[in-house]
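Two complexes are shown next, each including chain A; its partner changes from chain B in the first to chain C in the second.
For the complex of A and B:
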């Protein structure tokens, strides 16, 4: 496994963040895509190959699981408990990043202002 | 009307192959089938199709799910050859060049599974070469086969190096 594999170090890429977030409720691939586009007003969209690859990756990491009988051509998934925990952790990480950025930019604003 | 063209693209030339198929569609040759270097095209009006190649190494059990995710996003599955899958989508005026991968992390995964497929074949070729070909290479026929194997081993090794380089490049982006 590559060292920079984000899941290995317990971080979510933007793509896996939005997919996991969408799977707080049970959804299949197409609904995940629609949900993300609605949520971000079209600002973030995921290509089908990235969607498939990321779903399989989250699945094998135990962060999401198959929902229902798994029959039919569209498979429905839902976040597992450890998926929700990692999502929470990643939200905190991202919040902290914003706090840091604001600190730096506010200081810069005070100096120049 | 059908037209068949023989052309070789190596494992690391997937983007060149995509571009070639897209250019052919612009000239009215719509790609429909691939087998061992032989491309089948159908003659039609010039079309604004974008062709993309994906590599899927995993089992075929979820093939339907895989294709459906692409179809739901407006892509058509054209053909497959071993782990390679050919998709196409009509270019719309508003949309920028449609892509099947939207982030580097998942795209590097494509090349990672390709490397994982190439390495065992490479090792098997080396094993056959060392255990069967080399000990028997005093006969004339086997010595020709020997050179074919040397060529194959070099190609596989080169392919692994090139595909790995693509994978690494995407990982550090």
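For the complex of A and C:
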């Protein structure tokens, strides 16, 4: 697919992060957006075209798979084992980012305080 | 039913302008009905403030349209089961919400038009060169030249959008 593919370098975009997180449990594709808005209290929302494109990418990368025999609108997805592993890895990457940020900001606070 | 025709700038070059034009007319009660050659057909309806958005997807399934419906976007019309226009109340969140998938949209279109543009350019050059060779008898040479004009038209209508998408991508990547 396209070259701007963060999955290839083993990172999740915010969009794929939240989709994968929603699919820890099996869920209808069209209900994922709603689930994410509820989870983040409206703080993060995914447009329908971004949603569809990202679902297709996660499917072709083997990070999610079809669950049951739902068709069309009723298609249901669930994260695969490699999807869950990548999610775990990405959570650690994001946690580290927060640790780094806090280190820098705390040091700055100590200096000026 | 009253109808009105409006021109399109070509989606590869004037997507935003075209969508803005559709919004402008919808406010006056002329609402998008369907695609027309090099433009759109509008029909008289209620005056409403609508946003319009275009997306590309070959032979989309029900799931695709279900996502849009769920997000408040109504499917208005499609061209060749490939180009789809949606409308929603002004202020509805956009259909693309992140950079990566926005770039994907135009990368795929660039690739698709490029796949037609390059072979048709090569065919045009070959046909013109062959048609002008002295060793080829007159009538065949003439046919080759005419075929060359046909492939040149194909090249123009695929090469121009290709350039449009390339321009859009370079703007998006800079921004």
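As a convention for this text, the second predicted complex is superposed on the first by the 107 of 113 C-alpha atoms of A that agree within 3 Å, B and C clash if a C-alpha of one lies under 4 Å from a C-alpha of the other, contacts with A are read in each partner's own complex, and residues count from 1 in each chain.
Here, a residue touches a chain if its C-beta (ideal position, glycine included) is under 8 Å from a C-beta of that chain, and two chains touch if they have at least 3 such contacts.
Just so it is clear, the model here is predicted, and its values are computed rather than measured.
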Check chain A with both chain B and chain C modelled on it and let me know: fit or clash. clash
Figure out whether A:33 sits in contact with chain B (first) or chain C (second), or with both, or with neither. both
Would you sort A:111 into first (chain B), second (chain C), both or neither based on which partner it touches? neither
Examine A:50 and indicate which partner it touches, taking first as chain B and second as chain C; both and neither are also allowed. both
Contacts on chain A seen with chain B and repeated with chain C across the two complexes: 2, 4, 6, 13-15, 29-30, 33, 45-54, 73, 75
Partner chain A, residues of chain C touching it in the complex: 53, 55, 57, 61-64, 66-71, 73, 93-105, 107-108
Chain A contact footprint on chain B (complex, rising order): 52, 54, 56, 58, 62, 64-70, 72-73, 75, 99-103, 105-107, 109-110, 112, 171-172
For the complex, give me every residue of chain A touching chain B. 2, 4, 6, 13-15, 29-30, 33, 45-54, 56-57, 73-75
Within their complex, chain A touches chain C through residues 1-6, 13-15, 29-31, 33-34, 45-54, 71-73, 75
